Amino acid sequence: MDLITITDLIGTFVFALSGVTVAIEKKFDFFGTIILAFVTAIGGGTLRDLMIGSTPVSWLDSNLHIYVIFLTIPISYFLPLFLRKLRKAFFLFDTIGIGVFTILGIQKSLEIGLSPLVSLMMGVISAVFGGVIRDVLSGEVPIIFKKEIYAFACLGGGVLFLGLGYISDIPIFNMIFSISMVVLIRLLSIRYKWSIPFNPR
Amino acid sequence: MDLITITDLIGTFVFALSGVTVAIEKKFDFFGTIILAFVTAIGGGTLRDLMIGSTPVSWLDSNLHIYVIFLTIPISYFLPLFLRKLRKAFFLFDTIGIGVFTILGIQKSLEIGLSPLVSLMMGVISAVFGGVIRDVLSGEVPIIFKKEIYAFACLGGGVLFLGLGYISDIPIFNMIFSISMVVLIRLLSIRYKWSIPFNPR
Amino acid sequence: MDLITITDLIGTFVFALSGVTVAIEKKFDFFGTIILAFVTAIGGGTLRDLMIGSTPVSWLDSNLHIYVIFLTIPISYFLPLFLRKLRKAFFLFDTIGIGVFTILGIQKSLEIGLSPLVSLMMGVISAVFGGVIRDVLSGEVPIIFKKEIYAFACLGGGVLFLGLGYISDIPIFNMIFSISMVVLIRLLSIRYKWSIPFNPR
């Protein structure tokens, strides 16, 4: 199992956990909790795969993603305290996760011949739409529409990745560098409370 | 027309009726009522077909499903009393419907080479996501996330179906037996008010 | 660039504007505004393409739709007054837009061998589901379920288009005539406040 797969699975795990967390807040039952874990973890990648025509969608290929997602259920049930302590680590994993999802989404779209601009959009969609579907299913307006600016972190890292593609032949280097950019922008945006309102008069 | 097709169409009809019922409660107009009938009846199977890459999605193949769904509109309009009397029969059809949808979804997924676990999930999605989309479009948190446990009936019947596949070569027997299991679990769950909350501390 | 493409892009632009307008009302941030512009403009066609199995979905083929949609952002920001003055013109474009989307959707579905009835539904879905997704993502019950009857304008124009297909060999004539029918029905429906409630006892 290579580094990309491992980070992908960590991202999946952390996204699933965020689904479980919302489900607990909303007092969903066991099954609702599982569904919310799933849509959060695989919603973005599924939407991307559907739109670019890559079916069966990627997480159906093996059972690995399913195991990882189901794992969040007993963990949230039996180890809630442990989870709370790890919150900081999770935030980092989550950020790495969206970075990985963005870059993998771009890569996959470029490979089937889509334009860089379209591929960039597919990358951002991979990273953010899981959360959008999670929020819609739990009866909320998607948080990303109002507060979260991590889409811009994805955008920044994605643009860097596309740019590096023109000047470097070492994919793994380009990936790591671009994912780091996503993490950097997101950390800075939290630190300095960046926000980008849209208030035309 | 074989037994499977007939049950599938009955399931479609009853699912569409449940969409119409919600639309009437919500005071949707004529067109909103038709849309809700459709998404409830074909939403789950459509999502499954999209994800496993079986397109055009199955209900587009012929006009049969469309006729059956449209039929619910005049019936709800002109025979509401008749419908109310049939409520018990509908509940049974509905339960048979989700059983059929589950088993057909599993079958279809196995046939294109997906793993049993993934196929099981596709089966459950076929049966329950029509209702999820109905609820989201009518501005409600999906009822299945909070109260209904029929997803577990699907799961039980689906596991049985997969198990029987290893020991029996008679598909029709396996199907009938598994669909009966779905019906049995659901009836028991209603009778004894089973519920599976998820309340970690 | 032919007439169809131009009208398609105008329709895309006006649909995107309607997304931006709702996003501003809802106080979405910059990114939420862009997403809402996108889903409104390309949601219906995307859903149609997914269901009929035409992937990558059409707007991914070039950057043209993306440019047109992004254009709505600076325009709404810097020229809100100009926009308000153009409201009447936009209403006409919007109506032409749904006409074009309906007819193109029917055409595309017929070409891959779907039945006229199914193709008609795909046409209407192309025209109306962008707005449905826009409303769901902004936490509203889709307006088309309650008040708007433009789905019937689509239906009327679509039926005419299918009918004309049997008696005329001049596609461009059939299209223009059918799109005019959509525009006509919609204008009449607004003028005379048509509505089609569904209130069984």
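To keep things simple, chains are lettered A, B and C as they appear, and every chain counts its residues starting from 1.
Keep in mind that, in the parts below, contacts are C-beta pairs under 8 Å (C-beta built on N, C-alpha and C of every residue); 3 or more make two chains touch, one makes a residue touch a chain.
Since we're looking at a predicted model, the values are computed, not measured.
Quick check: superposing chain A onto chain B on C-alpha atoms, how many degrees is the rotation, to the nearest 5?
The best-fit rotation has an angle of 120 degrees.
Would the interface of chain A with chain C count as same or different, where same needs over half of all numbers used to appear in both copies?
Different, since under half the interface numbering is common to both chains.
How many angstrom between the C-alpha centroids of chain C and chain A?
Centre-to-centre distance between chain A and chain C: 30 Å.
What are the residue numbers in chain B that touch two or more other chains?
50, 55, 136
If we count contacts the way the header does, which residues on chain B are in touch with chain C in the complex?
Spelled out, the residues of chain B in touch with chain C are 23-24, 26-33, 35-36, 46, 50, 55-57, 60, 62-63, 66, 73, 76-78, 80, 136-139.
Chain B touches which residues of chain C in the complex?
Of all residues in chain C, those touching chain B are 50-53, 55, 112, 114-115, 117-118, 121-122, 132, 136, 140-142, 144-147, 149, 151-152, 195-201.
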